[in-house]
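Consider the two complexes below, in which chain A is the common component and chain B and chain C are the respective partners.
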Partner chain A sequence: MNTRWIRKYGAFARIGFAATQAGPGELAARVAFFFLILGVFSSLWRAVGHSDSATSATMVWYLAITEWVLLSAPMIQFEIEAEVRRGDVAYQIARPVSYVGAHVARAIGTLAVRAPVMLATAIIGGRLFAGPLPPAATIARAVALGAVAAVVMTTYHVALGLLAFWLGDIAPVYWIWQKLSFVLGGLLLPLTYYPAFVGRVAAFTPFPALLTGPASFVLDRPYATPMAVCGMLALWLAMVSIGAGLVFRHAARTLQLNGG
Partner chain B sequence: MHRFAVEIHELRKRFRTRVSRGAGARARIADLFAPRTQWMTAVDGISLSIEPGERVAFIGPNGAGKSTTLKILAGILYPDSGTVTVDGLVPWRDRRTLGFRVGTVFGQRSQLWYQLPARATFDLLAHVYELPAATRRRRLDAVVEAFRLEALLDRPVRHLSLGERMRCEVAASLLHGPRVLFLDEPTIGLDVTAKAVIRDLLFEQSEAEGTTLLLTSHDTGDIEEVCDRVVIINRGRILLDTTIAEMRRRYLRTQQVTIQAEPPLDDVIRDLYSTADKHARDTTEVAT
Partner chain C sequence: MQISNTQTLISLREGRSVRGTGRFVVALMRTSVAAAMAHRGTFLMQSLLMALNNAIYFTFWVVLLRRVTTIRGYGITDVVVLYGTVAGGVGLAVLLAGGFRQLARAIHEGELDAVLSQPKPTLLYVLGRRAGASGLGDVVFGCVMIAIWGHVRLSTLPIVALAMIASAIVMVSSAVLFSSLAFWLGPVEAASRQLFESVIMFSIYPEPLFGGALRLVLFTLVPAGFVGYVPARLIQSPSIGGALEMIAVASAYAVVAAWVFAHGLRTYCGGSRFELVG
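The block that comes next holds the complex of A and B.
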């Protein structure tokens, strides 16, 4: 990795950052939605009581972290889909740059704007709906690994976007991905609350590392140790990076761009 | 420098497209579960050489294979067979290296960031093409001056007119000083004035920097005012490869001009006759 490489992909990250800043409306809508979710679920958890490993307050903090990761990760897959559909992909492919790398860098630029704003929303919302913050060390662990998880999730979104080279419309695939991440990632409820077989199935997917892994540090019984979550994230990042590279190589060979 | 900027030999490319069985429910269900496909030949054995600095128009009807050829030359599409070199490189194999030496302009696509000023895209491209800081400033100044972009550079692209945006698009493609520029319908949708501006700028850039141009267009103005050679293709095959002057001499002996007037000319002529008639009558009355 040399300085030219860093400058090149840094420029993509900067433009993603600038483009996100230029559209504050979308960010405001995300913040409003985040508050709504926290408000609704805090009422729900207060109504259903608490378990031996979590109170209604810790459940709201858990949700604040999972939603923070989910709402921060840019939906770059739909931008890739639009590029393929419009044919703008022709410009990107002809450049001396990795198509996948450029999109990941650009999405990380977007993430760099969103993640702090959504984290502030998570903390303010959590404080409002759940009460005092969990211990600083707990929050630090969840936030550090949550930030890494958001980057890994963004890379998965890029990989999903590459399917547009074959499918054209990736919305159905994304819906399946999203629903699986809700259940197998433990978006609303920690994975340890599900039947054991769900946890066993989830262990073979990246979802626990992306959501329940970082968020469960606010619970009394975390999903795994910080080192284990870190290892899982590194493994799934390596898998998706290799996978996305192979998928793109095949997609570029079979690309069809008809009509002008 | 290589003898030929572009060299193509027996280039072929086919696409597979889905074919519908019909409009009925049964046909649609069958299409869903067992789609029928057929091969469509886009490029059928094209051979062509272009010397450095030449300006070549690649023309033909829709679906003739112009854009497909251009995309193969730019390294975007893979051919089925044939050999191609652009500035001595095989486009689909040496895509990254070739990217530094060629530029592309697609009239119906955009490379500019819609919500940001054009300057942001120029800055990004300068990094993509790894231009050192001094070269970046010099090239940016050069294209800004040549394309008269001073007033446009800091306005969000979404606030630019189509003509202004196209000036920025072409300038962005020339920022890294490509040796070969591929242009796919660069003036499509522009008004007469904007077309003239783009043509002048392309011609001037090619003259000043010796850039080889290969452009596709349906507009004869683009061809006559920018290029000095024309290649006509249809159904993926070259029909004619000659100079613009020779084409004019051999094939364009007559010109047909169609004038459409509003109101229709018949009405105007009728009015003229009646005015002249009235004038003649008035003059006669005065005389008597």
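The block that comes next holds the complex of A and C.
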């Protein structure tokens, strides 16, 4: 049963992997954009100079990790939205696989191509714009937890995509999600830079575990210990998996009613 | 028969007057904005969420500039004007010429077929037929930011409007230039979108951060300078000379973009699409 399950969803992951490899243009554009962001922010941090707890170099390394997680996670939500809009979802849910599981597996296939390329970009860009790499143990911690965070973020993207069953256009919801991740996740600035209440609010959301959690290991004061970040990621993964399952079950029922 | 049809088309195109094209542009924009507003609830929600989206992002500058006061001479008021100008420009571009967002795909996938036989300029048609509802949110946010800055007088309001319109024209022109690469290179949608986003990205960061060769790029190929820095400077220090400079730059970018698009159109291979255009 387990082998069949792995084979089934593994096939979806392979489709995502192959499809991403077949379109190197988008990956190249993401790499260029990543370099651009690191270039802009290295100029900004050099202009700002040293701050209380971080040098401009560590701030660039911090950004390299947060952006690596963010840019690696596939935008699968817009594919789900398009399927709902076109009506393709009607024949997809009839397949003997979970619609949500298949999309998560396919997105993980995409992530498997994208994450290593973006990580290489982060390291080359960081080396170029910030200087020497942080200690190997620090990088290892940030990369290991960042990879898990990218998978969790991908699952959140799938859950966001499911909202298309009700909203039709999920772009505005995604903008808010994206900008909340900027602030509450500490994408550009570590959470310690924000007023204390922002940190308190962020603690009740998945964003710190997804971005600042893994990236803050390159700073003097990490957001939490590796075990704590791991625990937070597991908790938020469980929450989104249950939530996505419930949302889809409800959506599928509504769809059947509409279909007659 | 085919030849006479083509000749009719050519004579129609040659015969169009500037005033007629102007009327067409206004009518097209009005129709496409009305279409976007047909679902009023969605339209308002998208506008509101876009304004909220901008406000959340702006907290980055508030937090940063509370710590360091200025970045190479740029204080919070400069960033407020810069951000307001670019938001206003993006909003006008998306609201009135929203078709630029799908232009690369339209060229590559043969979607221009349906508009090629129209008697008015193809580029104007493609740009003006898809208004983006979120643009209104950007425009409102931009105006609020300029109002927060607090140095706009009634007499300088036309300068603010000019700066935002010119910023929008340069923005749309650069998007047309990037998207036109699809005529020769094929599937460049992702690359052209990233290039366009880099124009926006560079334009909302303080000008003194960028020097050397990059600065030259920011005033030519990736015209962030003319999307953000120059119009923002015009708003902060209004002058006739500055206004004329901005008009000249926006016109030049628009002419180059239209010329490149027209040349690309000669190499265009249709997708044999059947589509209703109205």
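Criterion: the second predicted complex is superposed on the first by the 254 of 260 C-alpha atoms of A that agree within 3 Å, B and C clash if a C-alpha of one lies under 4 Å from a C-alpha of the other, contacts with A are read in each partner's own complex, and residues count from 1 in each chain.
Keep in mind that, in the parts below, contacts are C-beta pairs under 8 Å (C-beta built on N, C-alpha and C of every residue); 3 or more make two chains touch, one makes a residue touch a chain.
Quick caveat, the model's predicted, so the values are computed rather than measured.
In the superposed model, A:T138 lies in contact with neither chain B nor chain C. By the touch criterion defined above, A:S241 lies against neither chain B nor chain C after alignment on the C-alpha atoms of chain A.
Legend: residue contacts after superposition of the two complexes on their common chain; A:A90 is shown touching chain B, with no touch to chain C. With both structures placed on the common chain, the touch criterion links A:T205 to neither chain B nor chain C.
In the superposition on chain A, A:R4 makes contact with chain B only, while chain C stays out of contact range. When the two complexes are overlaid on their common chain A, residue A:L255 makes contact with chain B while staying clear of chain C. Note for the complex: chain B touches chain A at residues 15-16, 42, 67-68, 71, 74-78, 95-97, 99-100, 102, 104, 106-111, 113, 115-116, 120-121, 123-124, 126-130, 156, 184-185, 188.
Listing the residues of chain C that touch chain A in their complex gives 42, 45-46, 49-50, 52-53, 56-57, 59-60, 63-64, 67-68, 71-72, 134, 187-188, 190-191, 193-194, 197-198, 201-202, 205-206, 208-210. Residues of chain A touching chain C in their complex: 25-26, 28-30, 32-33, 36-37, 40, 43-44, 47-49, 51, 168-169, 171-173, 175-176, 178-180, 182-183, 188-189, 193-195.
The touching residues of chain A, when paired with chain B in their complex, are 4, 7-8, 10-12, 14-15, 18-19, 22-23, 86-88, 90-91, 93-97, 252-253, 255-260.
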